[in-house]
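For reference, chains read A, B, C and D in written order, and residue numbers begin at 1 within each chain.
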């Protein structure tokens, strides 16, 4: 799609000129903490927070500067240096889209940094934790700020690495190590798609830069564009845990809770959405095969995630399921073209707030309950950790789309646009909203209401201020942000220079059919949850559920599927290959040697030691010689 | 007017080797220090030379020096470097001092953390003088502009490495050493026939490479001679299915020698393909491209899969290298500027990455006394620094973006995909299939990391000490290079690109779209 | 021809080197006859060395003063031309070196006639003096070696053959240790040698019958005109071939080599492995190229097969040998095969001949020196019962005496033809010559030459295996507790090893001078 | 009419060769070799007659001398062996093999 506004090479100095500082600060922090190592244990976490805040400040300033420019000026490319001569340059693209992400990443990121000071206070490796967090922030910023796919890919893998390191932060737990590896490998499947997509771009256009690509994309043949789109979608699926590459996200909860909040809820997992929106040129026109694919993947995942969310007793896994589902909404939105982009990004931002809010809340709960994650061992906690309770409730209301809270606006936006574009997907999204209502309410009731079901040694208490403050800030965001962004299309207009905009701006109706339907379903879900978990007694051990329940508990058999489709055959293939290499190829080589040796061993027996035998051989030789000569002579 | 740079560069390590060899018995410490000093001098000289390279005169081969050696065979002592050769010479010069430091105690008899002796005490000065001889030959083989001289170094190189593996290696060392020597010797002898054939057929009564470019016109002859050269290089590289000597050799060799073996010696194979197979026999090269690319892709995937199944760290790393060499070969024969520059860059980066990985693994093995992955677990807890270096090296091995090997691998794959040299879509298929290795690489590296570094700390591992200063000094520069070139490969590429363009001109590939693209605007 | 016989003329100047050696030999016999036992050795050694040295000097004089003469002297009986002089020079130096080895105490039996372990052997031992007859015998053998390749007609060649062989037969039986083996080897060598020389002679007779003369040029002339399918010719030719190929030990006539090399006293083995091979190779070249040049399209295919067979047999059989001298014997068979590749590269209509010839001469030079060096080292590794022949005894030698093992390893690498050793250039020269002649127009078997070279390459790869095997034994395996002792080397032995090593290294790094010599020697080919 | 002589010499040569192969006693083997040499002599003389020049006859004399020398050496060797082994059988001497 022709991006409406040309990218202008940034000339004037100002903050945008030094916007690379955004990346540099946390990178520097990570480097210092990793290189100096234990020496920094005492103040390491503070440095981490400082660096993250610093880059937040830069982001804000750049944002302000960008606001100062006219809409036509709001795509500033900052050239850093020549990366691969003739192929790709290192450069940043500061435009509404990227800066919005930068704000989210650094803002929420900083809050989570602060929160972690408290959360990780007892961990001997807190310094290492912060170095990884900083590394993540830097990589994530490179991902969203880069002005070409190579730069984006570096960031893309950088966040993958950070996620790998943080999921496996408690690597002495085998489960954590495995989860980390799984996350990385599954992501690599997506990267494969992204890579091949880039091959095609290069061979077709000879560039990786967003600017040139969006110009040349129009001139490419339709099949080629479709191919690129689908391959990019594969990449997005990997990063954003969309079907069919969703399986890693639930295991990723092995990581410390702040990680789940920052990486696996607020920012990294949404990179897929960013990729799709940023690559709008290859998902154009809306309704094209690849765009439709995006929407379908989104719809499918939002249902799958929701269903999984219903069956989890592990509070973090429950939240992870809902994350999947919410990102499904964003994907759905992103699949609808410019009309949906604004809502997708909007939901992405608000989700960043309320999901982070709830994860941190969950973390705060675990903090109080000796890292217990099983909701069946919770209950009645509202009295013991009020702040956590309130903030969590706000997040909850936001996510189920309680009117006038953030989630309400953004999610509704997506649903309505979806219904306009594609009835089926739209109504599926509505259903998904209903399920969301159920499983989130279930979580609330099991955690904060009902009877105590604690372990003996549990002494729940409110978390320290350093943890509660971020909760409060986030919950405030969860309340107001959505309305601010969506009403009067602020976000859409703001993003327009970057991602374009539909011809006529949508107007938000508070009483649209899908909207009301959504509210109704959510209410139903919530009530059902209350009857099942609020009013009724929650069994301390998981009861054998119906087929559907088991189906959900097993993550829709995603792992089983991967295992039987890829892991097992892969292991067999490996064994066969190794055997073939040792016995087959090497066997031939050694066999050859042995063969020559054997021949030699047999031949030397001819040397009998009897002089007369030798004489005979001479005579025979003479005969042969004569015969040969006669033969050759007669030829 | 011939420059003295390279002759000096060759002479210094040789003299050093003689000095070390002549040291009195028991002067082990001195021997080590002398060796280190000499290798550092060589490094310094090389770097100075490298920085003068852009300004140096000479059309293609700079710092060229040609002296008559065996007039009646038309053999010259001809040396000189173009961009490709230069970066490889630099690679060798960088790795040697590191290896010297790394194998500081290898000949003293290695003891594990719990004090059990793995390898007995052996002659220290022999080891280090061999190392210096090897360095001279590595520099010579890349710098030779006379094909006969190249062949001499190519073969003579085997001997020091043979002794380093054979008398300083692990339990199976003599089997591995003999296998390595005979395999390479066989290839080399076939190449000898081709070399002679080239001389005879060309009838130029000289072995100087520049004069022999384009000397062979008849396609049939080209094919035969090409085969002679290629088989030798394929064994050296090593390419599937003649790769089986590498895992044995690399697994048995002391870590330092393994680094030079995989990091530099094997590059001679891919370097030879790029320099000789392509430029001397362009038509044959084009004719054989498809089969060779197929072999390369097989190496990539096959090597990766077999690597996953290895239970021995060093063997695993060796198989990953086979996979990586597949990439290099594919890049060389993709006949596109991007791919070939990528391949050349890959030769360098792979040297650093695999070098670091082998050394880190070597340090682990020196502590535990066993290369078997199963004998480890939870090393991160007790030796975080070592674990960190191991991890970074491993990530370079799976060519994580931001680390040097990514740039080269990416260039190779993109260049191959986009190569118009063969028109056919076959190359694009090859590129896509090879990209699958991205996934496999993650599996083999991370699974090893998981089994070695993660999980609960195994009993014998608890005794591990973290890296000492010497070991840090060994690994730090490599990791620095890996990260540095990961974000800023331009210096290398600026040197490589012109040389590769020259190659493509001699191969007469008209691939403008890519060629002028990659050449850098 | 006119009825009056004129007195034959003999160019003494030209023949001086050979005559000197023979003269010294006769003198040596007289010494044995008249000098008292305790004086004999004192007189024999200087006599031998001086005569050999003098002869070499005379060869140099010939070359320097008169350039390389190319004339048939002694009424066309002896051809003194470039190749002969080169071969003479090589043989003289080699034999000089071997004499130094022979000098070393303890190789030769006190009294060959005495029964092993009998009383009179005790006594002879006590008396101390070994057989000093060895020196005149050696001189006669050397004289024969000089005459053999220089002979210009088949009769002279036959005489040279016998003069060379008979003393060798005897000397083979003179080992002090392991006398049974020594005597056995001498008998086998004698019987088979005589047998093969009978073939040689019969072949000569047939050719005489065909051509009416035994002079090589005469035969060639006859071939130019005569019928080429005459059975006389072909049979005679084959028989002649048997005699010659037997001497160089080409398959299928190689059987004697391992046994004789193993049994004979090592210094004599060294002489046979170097001198005899050189001489016989020269003779082969002369016969096939001067005498039968016009028949080349006929014999080269056959020679192709012989060369191939020889290389393969030598390389393959060597792999499983357990005795070092036996292994070296097989390796010398393999090398004879490589040399035959060179012989293949010479044929009548070729411009390449000079090149090929010089390649062969060069190969002979480098190979024979390395061989002598290797055998010299073999003499130094001793067990109580004599030399430590069995390979297993060599295990870990590199640990006990690194220098010796190192030098030996170096010689082995030279045999294997690794670059920067003389052996590499030898192989290279021969292979190059073969390919060059193969690519020439007018070569009856162009492609086949390439095939042969490839075969040679494969053979040398196989051969490399057993050389490497010895290195593995010496360096990579732990020494046996009761390992062999290293004899305190005499000056002579040290000198031998030093010379050999020097040639191997020197030629390995700067082959040009030697190549030039070979080129000059081969420049105007054999006289025909 | 020289053909008969040639046939005869051929026969003698063959007989000698056969003898070498068949007989065990070293002396006899050696005599067979001598027989072969004499077969050659016959051939030489015959050809000399045929070609009408004297070379062949002269060669015959040379050969006799050589043969005589061979006898000396040969007998010496065989006798020594006999003294040590108390047997002149060629086959008994086969320590050197393989």
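By definition in this document, contacts are C-beta pairs under 8 Å (C-beta built on N, C-alpha and C of every residue); 3 or more make two chains touch, one makes a residue touch a chain.
None of these values were measured; they are calculated from a predicted model.
Student: Could you tell me which pair, C-D or A-D, is linked by more C-beta pairs in contact?
Tutor: By the number of C-beta pairs in contact, the winner is C-D.
Student: Compare the CA centroid of chain D with every other chain's and tell me the farthest one.
Tutor: With centres defined by C-alpha atoms, farthest from chain D sits A.
Student: Taking the mean of the C-alpha atoms as each chain's centre, how many Å separate chain A from chain D?
Tutor: Computed value for the inter-centroid distance: 97 Å.
Student: If you average the CA atoms of chain C and of chain D, how many Å lie between those two points?
Tutor: One centre to the other, that is 25 Å.
Student: Can you check how far apart chain A and chain B are, centre to centre, with Cα atoms defining each centre and the answer in Å?
Tutor: Taking the average C-alpha coordinate of chain A and of chain B, the gap between them is 36 Å.
Student: Averaged over CA atoms, how far is the centre of chain B from the centre of chain C? Could you give it in whole Å?
Tutor: Roughly 44 Å separates the two chain centres.
Student: Can you pull out the residues of chain C that are in contact with at least two other chains?
Tutor: In chain C, 187-188, 191, 195, 258-259, 465 touch at least two other chains.
Student: What are the residue numbers in chain B that touch two or more other chains?
Tutor: As it turns out, chain B has no residue touching two or more other chains.
Student: Tell me, which residues of chain A touch at least two other chains?
Tutor: Correct list: 604, 607, 609, 611, 615.
Student: For chain B, which residues count as touching chain A in their complex?
Tutor: 179, 183, 241, 243-245, 302, 305-306, 308-310, 338, 378, 380-381, 384-385, 388, 395, 400-402, 406-407, 410-411, 413-414, 417-418, 428, 431-432, 435-436, 438-439, 442-443, 446-447, 449-450, 453-457, 487-490, 493-494, 497, 513, 517-521
Student: In their complex, what parts of chain D are in touch with chain C?
Tutor: 6, 9, 13, 16-17, 20, 26, 29-30, 33, 36-37, 39-40, 43-44, 46-47, 50-51, 53, 55-56, 59, 62-63, 66, 69-70, 73-74, 76-78, 80-81, 83-85, 90, 93-97
Student: Any idea which chain A residues touch chain D in the complex?
Tutor: Against chain D, the touching part of chain A is residues 604-605, 607-612, 615-616, 619.
Student: What part of chain A is in contact with chain B in the complex they form?
Tutor: Against chain B, the touching part of chain A is residues 34, 37, 81-87, 90, 150, 153-154, 156-158, 161, 164, 168, 171-172, 174, 176-178, 180-181, 184-185, 188-189, 191-192, 195-196, 198-200, 202-203, 206, 570, 573-575, 577-578, 581, 585-586, 589.
Student: For chain D, which residues are in contact with chain A within the complex?
Tutor: Residues 17, 20-22, 24, 29, 90-91, 93-98 of chain D touch chain A in their complex.
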